[in-house]
Amino acid sequence: MTVDNLINWFPFGAEWPVLTFVTAVVICAIPTFIFIAVYALVAIYGELKISSFMQDKVGPMGQGVGLHAAKWGLLQPVADALKLILKEDIIPESADKKLFVLAPFVVFVGAFISFAALPFGQGTIIADMNIGVFYILAVGSLSVIGIILAGWSSNNKWSLYGGMRSVAQIISYEIPAGLSIIAIIMLTGTLSMQGIIEYQQGTIWGILPNWIIFNNPFTFIAFFIFFISGVAECNRTPFDIPEAESELVAGAFTEYSGMRYAFFFLSEYAEMFVVSAVAATAFLGGWNSPIHGFMDGPSWSMFWFMGKTMFLIFTMIWFRWTFPRLRVDQLMSVCWKVFLPISFVNIFGVGIWNLLFG
Amino acid sequence: MGVVHGDLMTLNIGPQHPSTHGVLRLKVKTDGEIISEVEPIIGYLHRCFEKHCENVSYEQVIPYTDRCDYIAAMNNNFGYAVTVEELMEIKVPERVEYIRVIVAELNRIASHLLALGAYGLDVGAFTPFLYMFRDRERILDLFETLCGARLLYNYIWVGGVSHDFPKGFVESVYSFLDYFEPKIEEYNELLTYNKIFIERTGDVGVMPPEVAVSYGVTGPNLRGSGVKWDIRKDEPYSIYEKFDFDIPVGVGEMGTVGDCWDRYYVRMVEMKESIKITRQALKGIPTGDVHQALPKKIRPPQGSIYKRTESPRGDLAYYIVSDGSPIPYRLKMRSPAFTALSVLGEISQGWMMSDVLAILGSLDIVLGEIDR
Amino acid sequence: MSSDQDKLIAESVEKALQGDMDAINNIEDRVTRSKAKAALVKAKREAKAAVAEETPRAEKSKAEEAPQAEQTFAAQVAVALEKKFPGSLDTEDVNGHIQMKGEQWYEAAQYLRDNPDFLFDSLQCVTGYDYGTSEDLEVRYNLHSMTHHHAIEIRIKIDRNDSKIPSVEQVWRIGDWFERETYDMYGIEFVGHSNMTRILCPEDWAGWPLRKDYETQEMYHGIVVPKVKDGWE
Amino acid sequence: MYKYFANIWETVTTLITGMGVTWGHMLKIRRDNVTLQYPEERWPRPNRDIGFDFDNYNVIRSRLQVDIDDCIGCLKCERACPVQCIKINTVKAETKGEDLPNIGHTGITSNGTKKALIVSRFDIDLTECCYCNLCTYPCPEKCIYMTGGPNSHKHPIDYEFSQYDRNDLIYRFAKDVENEKMDKYLNPKEKAEA
């Protein structure tokens, strides 16, 4: 299902082009939003449970009456979300009100519109653009604006610190992420998400799936660079310096509460999904089955895509509950002194490899 | 090209802040991320400990000492009891001495576990904190069977202890030690040798030995700077001279001597030494009546005494002046965390925002003891 | 019950007097046990009266011996101080501690820290002390040497109404906070201190809490300071 | 250059070691779990590896409880309290060890001591109590104690006694006698004259 198909399907497409376009977009946007919301609940529940298990506890186990009625605390994220929605919306007296209100939505929009180009399954994509990867990388950095708006408009020193750190961090990590993707594009020769996945069908020597991560040693390294840069772009531990709860209280989001905070929360999880989805698409074969010919085809494609994405999200959660946090300057030196040179070597290496064995 | 000097921003870390370990306020002047001046402002937790002591009798002071350093209340009780006993020239039974050493060393482990765990939290690692709390909880369980309380014990009394060990306590302690010893390896794997942790703490907040001594810093912080000074060894009180144990000192394994990592690691090794002491004490514990030497009425003769003991945070000293009445005329507590915090302004200049909190965490302060 | 109890008490006291304390300790009921112990004390008191005279003497002689070993060191320091700073000692009598005058304290502190014989590089504790409601104040310094592992206590008396003493903040850096604390509690002003402000109490607190003539404020920032709890007297 | 790669190698290996630790704990959660589901499960639970049986307790700290029938009004606990949270008022009884049913006074304690005083007020302010246990040691009749643990045969454990109002935390143990009755007993002659 793509937007293009929808537009063609409408009978009055020719007379009302604008109306048709808007209708088609809204029809796609609403399920996407619902998907993000439901996924966020699942991911929050997963984070609660996984973190608890890693820490020798069992996490939410609501057994009483009311909102915690579900077994194993299944409704805990719902209760959390309800609590956030019902909370009083506080805007600080000295905040820049317009920007303060705007910021969470800017952050969320950045994550939200990335979903338009994610290939959920064989043929299931909202808009199969010919510049898909490029588009996602571009709109993904929109959230920077939102975070610095939040940091600035809160009129709070901690928020300002968080905002500034976040900008420096996200902009820096865009570069190794982008360079790693370039290495992929050199192989696939297309920017389209579906095109990249289709390149990865088949097997290598009949054993390994023909995923780009296994294509050559350089792409193998590129995957890790891309994924770790992605973690940094999501502001997750060990790169959570914009939030850094033990240093900056809650960083850029210190002054936010209730619904607005929920939006930041939502967009953090949405961004995690986007990063994991792009990593799964570009390196792990997207919706391709790991074993060629086994559970293959359009009906299974969504399962494989979600499975791979969720595995990467799990890894992010795993990181978070294992590692300490880096310091600001160390974060930068990891990016500029380690990831960037290796990314350049990767591009060079992929090119040579392609020439010799491609 | 000249250096651009902008205005400095004043930032208040605290009194409500996630990692100030209590109610501490740090008035910080920052130039961007760089800290140019730190001034700790204390007193938010001041409860007039010394004034209280001038109004209650000697045995009633003990619950108040619990509440000074609430993380290591046994050691506080111990120090106070030893001081008053020396003033009154009481000789306590052998068994009491052993019991005191066992509980004090267990509490030292508990206190270090909290310090290390909270330090992990300060640099952003959440899980080690909970692992260490899990094990600390077992020590608190032991103390609960021993004296009913989990945190503020009022266990070590002048001239004895409040209760003898309950049935099966020695075996419980043995089984705890057997359980706990391998866990230290786990902490090391998870946190100590984690490269990110080393990056955050190695070479950060270096405290040279001269500075440490001049600021009166004691305990693991001083030993982290490479000075081998431990009252249990150098000025033994109770029966510490009977036990065989080492004093770990910082050697700068991950950077310079006296950095945060050294201070952290000294505590880690000290837990092993405490286990060693506890095992020896459990082996040699004699039988006897723990209430035998309890004085009927605590009325020390006229005079004054200054006695130091080694609490998990350093030299814990009581200065007691007695006028012969059952109420102390003057009681001053020299708290190790007080001196440790005073050095913060000196060693955190020029470091970054995040480092200041890492340094603060490595000093292992307890605000209850600083403000008293 | 009480007849049983009396019998038990009488039996165990008799046994205890012969040296078997367990007889009393084994009584399970705590009340009976405490009664038995009280009876034992009564019985023992007479027996002890004769013996008691001898023991304190032995203790006293012991107590005298112990300080003497320390006295030699304190006296050494006192002699050295008197030689270097004539007239700096308040009393010649050295009894485990040195009583000094305030005037030359800063120089003396530097001397104590730097002299290779003493090397008191660590200021352990600064204690304020009040002799009574209308008597002198005193500051007591506990010094310690990390090199020689020896310690000394120095006391300096000051007039209550003009409580000034040289600051040793520059000699031992910890003096900074210790002196602020003493100032906070006793109102003793340390001349030469860079930041002589209250440290534990709020800036605008009235009075010096640890002086013996301190009286609690009636009100603090509009909050009544409660003396006695409501309905508790 | 060697140092650069050695550094990266060290980082990767130590991080993976750390991840291995948390992974192991995650898989063994059923065995390793140390938490309890608090309102449903409570702490000393015999079939869990943590905690202890009541029998193993030496002493317990929880809410203070007074068996007022045994109290002889000796004020030892009030004097022992370091925070002055106990308040006792007594009245001299006319005859030692006599029961006074009209004000609910028992003359003889369960240990057989004859009471010379009537306890007209026995208040403990548990907002101030520091649970130091100092008041329970001097009691000659063992009538002030902490609930639960070794004392559970006298009173079951009670450590959750939160209230909405501070005043509800002042526990009044003395017999709840109407003032008139007490007055009548205290000065019957004056009453009669009036």
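Letters are used for the chains, namely A, B, C and D, taken in the order the chains are written, and counting of residues starts over at 1 for each.
One rule holds in what follows: a contact is a pair of C-beta atoms (placed from the backbone, for glycine too) under 8 Å apart; a residue touches a chain by one contact, two chains touch by 3 or more.
Remember, predicted model here, so these are calculated numbers, not experimental data.
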Closest chain to global C-alpha mean, per-chain Cα centroids
B
If I average the CA coordinates per chain, which chain comes out farthest from subunit B?
A
What is the distance, in whole Å, between the centres of subunit B and subunit D, each centre taken as the mean of its C-alpha atoms?
28
Computed distance of Cα centres, subunit C from subunit A, in Å:
65
Taking the mean of the CA coordinates per chain, how far is subunit C from subunit D in Å?
34
Inter-chain centre distance, subunit A versus subunit D - centres from mean C-alpha coordinates, in Å:
53
Identify all positions of subunit B at which a residue touches two or more other chains, and write them in rising order.
127, 134, 190-191, 194, 196
Could you check subunit A for residues that touch two or more other chains and list them?
54-57, 321-323
Would you mind listing the residues of subunit C that make contact with two or more other chains?
none
How about subunit D: which of its residues touch subunit A in the complex?
8, 15, 18-19, 21-23, 25-26, 29, 32-35, 37, 39-40
Touching residues on subunit B, where the partner in the complex is subunit A:
9, 11, 17-19, 33, 120-127, 130-131, 134, 190-191, 194, 196-197, 199-200, 352-355, 357
Contact footprint of subunit B on subunit A as seen in their complex:
51, 54-57, 157, 161, 237-238, 240-241, 244-249, 321-330
Note which residues of subunit C are touching subunit B in the complex, please.
21, 25, 59, 63, 121-125, 127-130, 140, 142, 146, 149, 153, 172-174, 176-178, 181, 185, 198-202, 209-210
If we count contacts the way the header does, which residues on subunit B are in touch with subunit C in the complex?
42-43, 46, 48, 50-51, 54, 89, 211, 213-216, 227, 229, 234-235, 289, 306, 308, 315, 317, 319, 321, 330, 332, 334, 338-339, 342-343, 346, 371-372
